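Please go over the structures that come below.
Below are two complexes that have chain A in common, paired first with chain B and then with chain C.
Right, the complex of A and B next:
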């Protein structure tokens, strides 16, 4: 029993690392652009497909395939930001509706191009099992956790220790004031959305070899990512990190006590509960009537 | 309500009721119109929330599912007459909607949307997994067509078609009366400026809750009719994709217009059938249409014909 628990906690941390990546992308884009992007999961999925494509058709190197996926996804993100979200700035309701439309477009275009069948994305090198105490996990699982933590560290350093990162935080706090002190808000928005897109590509590339690559593969991570930023309170990096890992662990451990059929519901029961008891997340601050 | 509008409404309804007399053999056309009506009814419920009150609910299909499973259980397991089960199903949906609404309405804007999405997923998860009651993923089969009332039977396609026309017309009329009533004006005011409305001494949360419950009840009615038509309740009819489809129908048709949900449903069901599109292309096109509407035509298809509404906030 303890062993099973330990195994599920490890699995939860691994799933949590994916959710953290997704949550950070959502949170950055929400915090800076004030866009709640439901199409983020579709970007994760597209990132998985692109990584699989690069790996099996261009160059059989996983790190380069991840890089390729990120590079290929950036223009997609740029088009979404410029073409859809920028014109709808400050119109939350229509942004959400438009992003739902984008989900339909992206998921079904992928269906047209790659077909409905799930793609295999097997990496011989990362399937190797590594002993970890009495348990054994695949190298891919360690890779996911490592990459997740590295991205968190990089993002934290960027936001806190670089000049542009400071500009990003300033824009998040008050776009008008940022503009007054000479920050190019449009550029900050573009770069922030690009970082969010890159994080989505990263999450998709890490998720692909774990399971399979299929058109709905981004739905779960999107929903859990949303859950994570709500749990952590929108707008804080650490909130998203803790929220993501918490959702991952709760979800994995719950499979020990509740039928696995309900595992997706578990995360949402937690979220509904948290939001109702602490409407601004576990670490959020209270503001009334935010638009 | 202008007398002219009432006349147009009556004439169109009568015309649709007479359609099978002329196209009695055109079963395919009637089937498409039935499906459109069965999408239009929950969409009208969502329009009251999304279009008139400004409450973007992303779990609306799950509330239609409550009505669907309620009618299935009441007619098959409890052996109730369909016409008794139908209002009970709508009431069940409205009650569940009221509870969920009361919880979700504690939150605003994006939080509200995410929690409605979460409740939709939870309800769908229950429908999909509570095998002993709902039949699980395989669905709940053997739901009867409505029992006959006097001369009127509802078994065949033309008969069910007439029922769908009457039901859609009735729900449409309820929508028209509601939005033009004092109640509807308050909902409109809440959408435009909730804080200002609250300053007028109006309990905005109570009004939003009422809109949520009425919208859910209408959705339940649509869900109940749908499973009675299809003879089976499947959880996939009430999942997140279907909830998004309902948003799509309302927004593309014209959120906050009386005809919007019906036009949206006709376009959503009819156009892909007419063009013989594969389902993935259909959703690519409708997804793009949804984005285009938010960018360029806020009032949807209905807004292209209607005179511009006075500009507000």
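Right, the complex of A and C next:
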């Protein structure tokens, strides 16, 4: 039983790292732009496709393929922010509808370009197995966890130790006040959306080699990412991190005692329980104009 | 100039009459309804299904169509992408049987969608010939307008259970789709397994899930001797990769989707070696009917033939044969009557529907050899070495 528990905790941490990346992107975009972007999962998927494409057809280097995916997705993020979400600023209802429409557009564009069959993303890191006592895990799983933690650290450093990061936090707290003190709120919005897009590309690039690259590959991470920011508290970086890892571990470990087809339900039951006790999530706070 | 035009016209007529002769006779078209999936999670199996229909239609039309009541008809296919959804399937079925007025509808991938389409077929008296869904209840409900060319999950399970029982692979675990195909398959196996085979861990996953780590852990903990993967190519390749990576010492048993060269490309010979799978259409079997179809399919689509394609190919020919025997291309009840009694020797084997509309095609078990080829293990009288599966 302990062996199974250890295996599932590791698997949960690995999945949690993906959820964290997705949750951070969602949280940043929602926290700063007040946009609940349901197309974020489609961006994760697009990131996976682009990384696979660069690796298979441009340069057979995984780090460069990830970089290529991020670079290629940034203009897409810019177009979405400027063309779709900026005109719908402060109109949450239409933003949600627009983002759901974008999911259909992006998924069907991918179908047209790459076809309906899932693509394989063969990497040496998925074949190299690392012994861990009597268990074995692929190098790619360790890479996902490491890259996830590195992104968290980089984002934390950016938000807390750079001038632009301070501007992002100020805009998140109160866009009007940020404007008054001379912050270019439009630029902050564009850069924040770009960072969110880059995180989506990173998540897709890490996820693709582990499993497959297919049009619905972002759906699950989107749902779990949303759950993570609700569990952790909307607007909290640490909330998204703890929430993402918690959901990954809870859903993986729960399968040791309950049927696997209920694992999604378990994660959401835990969220419901937490929200009953802490309506703003684990690390969420009520803001002055919200109370 | 006038003589030039007359000569040209004469040459055109002569040329038209000389091109095969038969196509020039076909003046009428009959439209057959197809429900399948070209987009979404079921697009990949849908492609194989449609390949079968398209190849059959091309061959029928290439031979000048078919004759009913002294008229020659060419076949047109009216294809609806219903995404394996019950709601979309019902809507498409309603449209096909009313607005499009087709005499027969074929296809479908999902038993749930087929179940929603079946009552509409009956209400509008248009035969529905299923070529892929395996849920046993689709024919067990005795809807007189529903026929199924392919083996249902009980028929598949019966053959496989017989094979597993002879191997003594106990306890037997499952990873299965959390839908009619997966749950139906597990139930079918559970009912068919001989007493010497005990059930181990049974885990279900939702369509679109790609992470099988939880199942791998549970299979290891359960001490299973074998695990059966009730799923198609894409999740199957992932489940096998994850089982092999975790070094779980189990015999892997797959479905017909896992016995093809395409599947080998997804993984490799080392990870597939020893794995067995049931199969409705081993494309390399040393049988003339199978070899001829496999060759034509490969020439047309550039890849190894697929069981779904073979079943769908036969399905369209069965529909045409029924119209010929019923001597009508419009009268649904007469075509249904002909379907109920016809016998057709297709590429998957002899197709003859029982009182519930279910055919009983042969089921094979093939095994991957160490070199990436396949052999036939079951039925025993069809057993053949590596390269024949």
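By our rule, the second predicted complex is superposed on the first by the 276 of 291 C-alpha atoms of A that agree within 3 Å, B and C clash if a C-alpha of one lies under 4 Å from a C-alpha of the other, contacts with A are read in each partner's own complex, and residues count from 1 in each chain.
What we mean here is this: a contact is a pair of C-beta atoms (placed from the backbone, for glycine too) under 8 Å apart; a residue touches a chain by one contact, two chains touch by 3 or more.
Please read all numbers here as calculations on a predicted model, not as lab measurements.
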| item | value |
| --- | --- |
| Touching partner for A:74 - first (chain B), second (chain C), both, neither | neither |
| Chain B versus chain C as contact partner of A:117, first or second or both or neither | second |
| Which partner, chain B or chain C, touches more chain A residues | B |
| Contacts of A:129 with chain B and chain C, given as first, second, both or neither | second |
| Touched partner set for A:261, first chain B, second chain C, both or neither | both |
| Partner chain in contact with A:108 - chain B first, chain C second, else both or neither | both |
| Partner chain in contact with A:271 - chain B first, chain C second, else both or neither | first |
| Partner chain in contact with A:217 - chain B first, chain C second, else both or neither | second |
| Chain A residues contacted in one complex by chain B, in the other by chain C | 108, 111, 219, 259, 261, 264 |
| Parts of chain B lying in touch with chain A, wherever the complex brings them together | 54, 56, 58, 103, 106-111, 113-115, 117-119, 121-122, 125-126, 128-129, 195, 240, 244, 247-248, 251, 280-281, 283-284, 286-291, 294-295, 298 |
| Complex contacts: residues of chain A adjacent to chain B | 30, 36, 84, 87-88, 92-98, 100-109, 111-112, 219, 223, 226-227, 230, 234, 259, 261-262, 264-265, 268-269, 271-272, 275-276, 279, 289-291 |
| Residue ranges of chain A touching chain C (in the complex, touch as defined) | 1, 3-4, 7-8, 11, 15, 108, 111, 116-118, 120, 126, 129, 135-138, 211-212, 214-217, 219-220, 252, 255-256, 259-261, 263-264 |
| Residues of chain C that touch chain A when the two form their complex | 38-41, 43-44, 46-47, 178, 203-206, 208-211, 213-215, 217-218, 220-221, 234, 237-238, 241, 245-247, 266 |
